[in-house]
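For reference, the structures are reproduced in the following blocks.
Two complexes come next, and they have one chain in common, chain A, joined by chain B in the first and chain C in the second.
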Partner chain A sequence: MLQIEKVREGDVLILQLIGEVDASNSVLLDQSIQESLQPEITVVVIDGQELKYISSAGLGVFMSYVDDFFERGIHFSIFGLTQQVGEVFKILGLDRVIAIVPDKSTAIALRK
Partner chain B sequence: MIKTNAIPIGKISLLLAILIWLALLLVDLIRIFGVINNLDSGISEEVTWGLEILFFFFTYFLYRHVFWKSKQVDFVTLLWRGASTGLFAAIAGLLTELIFFALGDSKIGKDPFLQTIFYHLNFAWSSIFLVSTALLWKHLILYQKTKKVVKQWQVFELSMLAALFFIFFNHNNFDYSFLFGLVILLVISILLSANLKWIPYLNFKEKWKTLLFLFLILLSATLLFYRILAYGNEERFQINLTDNLFLMALFGFVMVYGLFSFLVTLFNLPTSSVFEQKLTEALNFQKLSQSIQPEENEEQVLDILVNSCIGASFSDGAWIALNPTEQLKIQNPLRFIEPSTLTELTSLLPAEFQNWTLSPTNELQPYSIRLKHPSYKSALLVPLLVNKTLLAQIVLVKEVKEGFNKEMVNIIGTFARQASISVENHRLLNQAISSERYQEELKIAQRVQKALLPLQLDHPSSFDICAYSNTADEVGGDYYDTYQVDEHRFVLIIGDVSGKGTSAAFHMAQMKGVFQSLIQMGLGPADFMIKANSALSKCLERNHFITASIFELNTLSQQFRHARAGHIPTLRYSAQSHTAEFIAVDGLGLGIVRNQNYENHVQEVTGNYQAGDFLILLTDGILESRNDVGEQFGYTRLKELVEANPQMPPLQLQKAIIDSLHQFVGGDGMIDDDYSLVVVKFK
Partner chain C sequence: MSPKLILSCSTSALAELRSFIQLNLEVFGFSELDKHQITLAVEEVVANLIIHSHACNPNEIIHLEIKDLGKKVAVEITDKGEGFNLLEYEVPELRQVIEEKRKGGLGILLVKKIMDEIQFESKNGENICRLIKKFPPNFK
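Here is the complex of A and B:
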């Protein structure tokens, strides 16, 4: 089960992921990001505080946006990951290409 | 030899009836002979009555047999048989009278023997007609019988049986008891005459024929009745055969039921078209309900539907409009309408018809509208909804205003819904067939993929190795392989493609290709990862990546070189320290960074091993398997399990790990991911 809460704060888009991202609902996550990408957005932040589990398919979704965001000058970061989920990012090495930050303010501050 | 099971009841009854009639005639002739010659023949009246009863019995058996044989014959044919028998009896009676009238007062005309013979003949014909007609009525009364009607009929038959023997008590006197019996039997006849269920099933033409035949039967019965009354009033015969309760009651029954049938058929004539209409509707409905076979098509259903709708509404024209987005074609969409008229009419229809939008107001019931057209004044639009999309719309038009009443709209709505169900069933059936085909294809894919994993793992005498892989779906994205570089160098690899199922399986096949080709170039672990990343970056979809772990074992120096690309760290057990540790080395998954930068994201480590050491390569499916409270199997459980069983040979340890995993997930718990395991034990 995955629930995605979208919050717009000016040019900041915050997506809160609640539940689990697996092969079956990773498409939903992809759609959700795609839909919310208005041209004026410069910061995309994933709130992972309520993210219980993420499968490789879910990680693939984030990965596919890295280059895209980079080209468009969008700062992309993830904050609030649980230890378990954070570990998954770390093992894959995704923490090297996506900014994994401790909290929301750090995430938003990335743009400066 | 006479077969007991093939007694010709009909023939025996006919023969016996004829013999008994002859005996009856003979007895009467003897009696007349006695009277003429003033001799007492000594034959009592009871003998004649007995013979008469026997004659009735055998006639009854004969005709019961005839009706039993003609069960499948339709009502009109049966009525025609009754009418022809009646006409024959009546005409024969009239001819007899004519003959005697012609003979006049001549000697032969007054001859008592001749008169008696003709009297007996008339009696026989009349009896045959009455008995056969009564049995015909029985057949009609018991059409669609209920228990009650069968009971009524049994009561009537028993009463008639009693009437048959009544003559022995009453001695042919027309007294009160005779009248009483007759009234009772007539009342039962009237009660039975309410059973006329066969009439509505006749069509218009058959009803006219029925009326004619019933009229002929009634006419014949009346004529015969008058003749018998006339005989009864004459005193010239020695014994009266016809003045008995049974025959009179039979007349009554034949006349009463015949009259009721005649009147009811007559009054049913104007409504017969409605009944026929309902019958056609029921048949059409049945046609629509029979789910279409896979080889048949949806167009045929639409065809039946249009015809049924026209039939049910008496429309003057109709056409089917097919939704342009649906891949449907129909050979003849127009019914009684010219293509030019179609364009005129289409322009008069509401916007929702033209746009193929679902109007929430009409709730997908057929709805009628007025038309401002020189020839057509009203139209009924029938939407046909399949899987929530509008498949087709049927337009029925009439030359009169408000030509579609509520009943028509209801029945057409039912037709449309039934047709929708048929089309939906048809589609589901086709889906099921193609899904079965898809399953077959997957099985093939599964076999192909199994073949991609090595059956024999390269290994020298210095280490034992075993591997296990399980997929969540038919095919999966886990990969392991080995390669012998030279006499002392062996390469092991384990990989995991992101996602599951078919796409993962394809990428896994690519990974195998990449491994088998690059490893032959003699690349070290880190270099292999860099080249593999570059190769896979060109063929993986943007949101897919592969994690891998690679070891190069040198059995001579007992060293290993290792690189990890985002894969689960390998568990290494040291026999010397009795501890297991996950080998920590940085490395980014393959296909995440698709440029030269990847070089900065992969490292290589080297290490030594000793006899008794283990390497356990695994995929995340094992560590991420969860139990019913959502807890993951995790690193620690695996580590402890290996530390507890260092003496096990690889295959046994592998089995222990898998068993422990299943136990952890729980008996019915499904491991919803691909998982693989390679266990190496050094000697």
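Here is the complex of A and C:
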């Protein structure tokens, strides 16, 4: 089960992921990001505090946006990952490509 | 008796797979982190089979069995049809995944990094993939 809550704070888009992302629902994550990318957005933040599990299907969605975000000058980061989920990013070295930060304020401060 | 599961080839069955693996790894003394990672590795292989070898046909099935090998555990994944030997699969570079906007390719890399040993055999139209992990050092 995956629930995605979107919050817009000015030019900041926060997507809170609640539950588990796997091959059955990663398309929802992709759609959510796609739909929310208004031109005025400069910061995209994933709130991972309630993310219990993510498989490569979900990680692949993030990776597919890395270049897009860079080209559009969008600061992308993820915060609040549990140790177990955070470790999955580290195993693949994704923490070297995506900013994994401790909290929301650090994530938003990245644009400064 | 080794725990067994018969799974329908639908991605909606993946949650059931996770519960089965988590529950049955309990007896081997793995940490929560290890259990999470082994579950992920098994799911990556099974999701791959469901999507690529069985085209998400819910009428087709995959068998799973968790075997105690003494000092290690093997999760045996058996299916029929076109075999996918992940030992022969060339894992993409991270940069390649980003540039080609591939949404796949990371799964097999995870499996190879998490498991201690991977075995694959294919005979008489049946494919068996064994994902093997050593017990934690302080167990048994």
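Definition applied: the second predicted complex is superposed on the first by the 112 of 112 C-alpha atoms of A that agree within 3 Å, B and C clash if a C-alpha of one lies under 4 Å from a C-alpha of the other, contacts with A are read in each partner's own complex, and residues count from 1 in each chain.
In this section, contacts are C-beta pairs under 8 Å (C-beta built on N, C-alpha and C of every residue); 3 or more make two chains touch, one makes a residue touch a chain.
Bear in mind that the values here come from a model prediction, so they are computed numbers and not experimental data.
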item	value
Chain C versus chain B on the shared chain A, clash or fit after superposition	clash
Which superposed partner A:T106 touches (first chain B, second chain C, both, neither)	neither
Touching partner for A:Q83 - first (chain B), second (chain C), both, neither	second
Chain B versus chain C as contact partner of A:Q31, first or second or both or neither	neither
When the two complexes are fitted on chain A, the stretch of chain B hitting chain C, from 271-279, 343-351, 541-549 or 577-585	541-549
Chain B and chain C footprints on chain A, overlapping residues	23, 26, 30, 53, 55-57, 59-61, 63-64, 66-67, 84, 88, 91-94, 97
Contact set on chain A toward chain C in their complex	1, 20, 22-24, 26, 30, 53, 55-57, 59-61, 63-64, 66-67, 83-84, 87-88, 91-94, 97
Contact footprint of chain A on chain B as seen in their complex	496-501, 542-545, 547, 565-569, 586-589, 592-594, 601, 620, 624, 630, 632, 673
In the complex, chain C residues that touch chain A	11-12, 14-15, 18, 32-33, 36-37, 40, 43-44, 47, 50-51, 94, 97-99, 101-107, 109-110, 113-114
Chain B-touching residues of chain A, taken from the complex the two chains share	23, 26, 30, 52-53, 55-57, 59-61, 63-64, 66-67, 84, 88, 91-94, 96-97
